[in-house]
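Per-chain residue numbering starts at 1, and chain names A, B and C are given in the order in which the chains are listed.
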Amino acid sequence: MLAVSDLKIHYRTLAGSVKALDGVSFSVADGEIMGLAGESGCGKSTLGKALIRLEERMQYVGGEVTLDGTTLPIADDWAMNPYRFRKVSIVPQYAMSALNPTRRIGRMIDELLAARGLKGSTLRPELERRLAVLGLTPDVLGMYPIELSGGMKQRVVMVLSTLLDPSLLIADEVTSALDVASQKKVAGALVEFRDRGYVKSMIVVTHDLAILAQIADSIMIMYAGKLAEKAPTRTIVEAPAHPYTRLLLGSLPEVGIRFEDKRLPGIKGRPPSLLSPPVGCRFRDRCPLAFSKCVEEPPFIEIAAGHQVACWKADAHAQG
Amino acid sequence: MTSTTDSAPASPAAKAGRNEILYFALRNPKLLIGAVVFTIFLLGAIFGPMLATHEPMTFDAPPGMPPSADYWFGTTLFGQDVFSQFVNGLRSSFIVGTLAGFTAAIIGMFIGFFAGYRGGFVDEVLNMLTNVVLVIPTFAVLLVVAAYLSVRGLGTEAAFIGLTSWPWAARAIRAQTFSLTSRDFVGMARLNGESTLRIIFGEIAPNMSSYLVMTFILLFGGAILTAATLDFIGLGPTDSISLGLMMNYSVMNAALQLGMWWWFVPPGLAITAIVGSLYVMNVGLDEVFNPKLRAL
Amino acid sequence: MLRYLARKLFVYILTFIVAVTIDWAIPRFMPGNPVDALVSRIALMPDANAALTSYFMAAFNLDQPLWQQYLNFWSALFHGDLGRSIMLFPTPVTTLIGRAVPYTLGLLLPSILLSWYVGNVVGALAARRKLLDNSVLPLGYLLTATPYMWLGILLAWVLGSTLGWFPLAFGYDQSLKVEWSWQFFGSLLYHWVLPFASLFMVALGGWAIGMRNMIIYELESDYANYLMALGAPQRLVRKYAFRNAMLPQITGLALQLGAVVGGALVTEIVFSYPGLGWLVLSGIQNQDYFVIQGVFLFIIVGVLLANLIVDIVYVIVDPRTRVGLQGDAA
């Protein structure tokens, strides 16, 4: 199981530190698929990346991440290496271009495994079996990435990333670049991988609440570098407690249509700058329910079993 | 989280980015060093000839003198003032570089814009043309053309260099145009029924202005180098002195054997410094315009 | 893959036709009619005059329609007839070129290949190593900005004239006979060092910078990020990056050929080296247009052939061109 407490990650820019992740605490149980959603720039991708590999511009400021009882040294790129791939793995947003274009796929995988002290030949049968689960023949291992379609490349990456049965898989926007039919397939594959035990738990980062509604056990909503709400999927969809979640759901026109960079029609204004975020609730300026107390920061508290919210009015809501 | 750092300068509403770019420009050592060196030589080209106390081509000085108070850069084997030749040559270099750079930039832009924007058949034809000129060793073409022209001026030299050095620029601009054409604001302009020229010069060109500036800088530097090479072979302007010609005279007249370094060091050093400063400036500009490259 | 090569070949053939046409057209359409100048010069040499008349009839016959002249020119070309030198009458231009080419190739091939190789290695080492990068980058820009002849002049001045370590001029000791002997070979090598070194150094800078930038670009690419996210060691990532960064450098080699050939010509002039550059210079000084035109055609053919070889190598190295889904839109 994954436990994150008070994680703070900043982006270094010449204008100052962008507080992309400003004290985030949550946990993901074994076997849980947790959806992570929010507008562009809310910090969800940062969170996903922070759990496996900090980019050069990303700066660890504080907090702790434990996976299956061991603390992950996420601030230390070198010390983190043994955990990557074996314990934590990722299906990146750019899965279509994640394979070295000038190596045959099988050879690239063998070289990667060898570099991690594993033998490609012993893992080959399992690799082929898992490819077959996603409808790919072993032939793809003899091909160059350019010979595969985008969807096929993505499936290869999914199989490769989970080959060592990691405890945690981060699936970063895996459905964004696909058509609706392929989205469903990929989403189905994620569930299948969990059911077969290829991965213990999963964080699915996405813009697409509709996909999450289908596959996630729980959904976590982020806003401006902070957590807004986390609850079982049913609760989020049917009885959201945070006004932001409600607006997010309300502004969802229909299943399959994403809201990415479009301004949300139901939510006026834009998220605050994370260079110097305002004190108090960060959603205050856009919130229809804002009142005097919102100048203080609302704590992220449990209002029902497995349902956490950061809103002063959450209680009233959930009950009403 | 990346909204502040990835604010692409290519967005139509880049006005707010103007100050930011100036901020980074003034703090970029490469850009500043390059600009200072370049400016020094530019000033030399503009004001140098006024300071020169002797004519560049007359033989009125004592021959083969090292630098002295009277002859700042010494004199040639035939008694010409090296300083005067140098500053006049510097001026020729800048004139050729500017004219040739502009010619090549205009052709490259024209071809790149149309090929990238129109696509299809227009693209095919223009691409073929670009490839042919790209493959041809332009230097060899210049050789033949210049050899047959018995009277050559700075203008002809610049024109020839400009007419042969545009292909890589056309290619680069085509690729940029191609990616911009698929953007929303170009699509909007298209839907509004704006003419091709309007879209190209009203929507596409302004959004890659930084790129165009850098392209021009490289074309300018390349032209100076090519001109110096042509001059050195003796195919430069027939009516004036140039840095390449100075090197030619010095080599042909045993300046090396006689150790007359003041004759051949200044012209080569000037070209190296000018072109080098342009390259370094370009790297600096790239860092200023391209947020990804800005050092943290 | 065949489609890719066929496309390239088409461009080369087209280029060749354009080049020959330029070669044919320039003497005819330039102001000041160089043919008159030629004839008047030749008139001073009676035997030359008679022998050249037939060539002029064929190639310059102004009575014939233009297209006929053009075809005549092509036909002469295919018979290997590039005319006769005027300064060294009656030596055919092809003979002069044949004599000069070994020297030029002897300078060009080693300097191109070695500078490319060494530049790539240095550039790759410099990428992402701050200390080395800070010295390689400025030095690289300085070298690429240096005119070929000037570096040659500096080397000749310092190592040749001042220190006297190397000869200043010529392809071999002029007191020796041209023959296959160790002594002659040694002299060749001794005279070769400086012109080679100056060509090598100027070209080196560009390759090093190009490789450095490409490697940095590759290290930021998606596949590199993915490998690092899966905990792959730097060694593997850099190996892939180096290999992939080589590919554009191979294409760059083809694009740079023309410039390097130009560099070789002027370097030869600095060192009075008996290659094509020296030949061209004498041609210009003696208004020997056939020589200039001949060298021009020779360089064009040489560069086009070299381009073709580079393309074939590229197809062998880059799988993307081989799988049929053309790798380069060119």
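By definition in this document, contacts are C-beta pairs under 8 Å (C-beta built on N, C-alpha and C of every residue); 3 or more make two chains touch, one makes a residue touch a chain.
Remember, predicted model here, so these are calculated numbers, not experimental data.
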item	value
Centrality ranking, top chain (CA atoms only)	B
Inter-chain pair with the most contacting C-beta pairs	B-C
Longest centre-to-centre distance from subunit B, chain (CA-based)	A
Whole-Å gap separating subunit A and subunit B, where each centre is the average of the chain's CA atoms	49
Centre-of-Cα separation between subunit C and subunit B, whole angstrom	22
Gap in Å, rounded to a whole number, between the CA centres of subunit C and subunit A	54
Multi-chain contact sites of subunit B, meaning residues that touch two or more partners	none
Subunit C residues within the subunit B interface of the complex	11-12, 14-15, 18-19, 22-23, 26-27, 30-32, 34, 37, 138, 141-142, 144-151, 153-154, 156-157, 160-162, 168, 254-255, 257-259, 261-263, 265-266, 269-270, 280-281, 283-285, 289, 292-293, 295-296, 299-300, 303-304, 307, 329-330
Of all residues in subunit B, those that touch subunit C in their complex	127-128, 131-132, 134-141, 143-145, 147-151, 168, 221, 225-226, 228-229, 232-235, 244, 247, 250-251, 256-257, 259, 261, 264-265, 267-269, 271-276, 278-280, 283
Contact footprint of subunit C on subunit A as seen in their complex	52-53, 80-86, 89-90, 92, 94, 97-104, 111-112, 115-116, 144, 146-147, 157, 160-161
Subunit A-touching residues of subunit C, taken from the complex the two chains share	221-223, 225-233, 235-236, 240, 243-244, 247, 318-320, 323, 325, 327
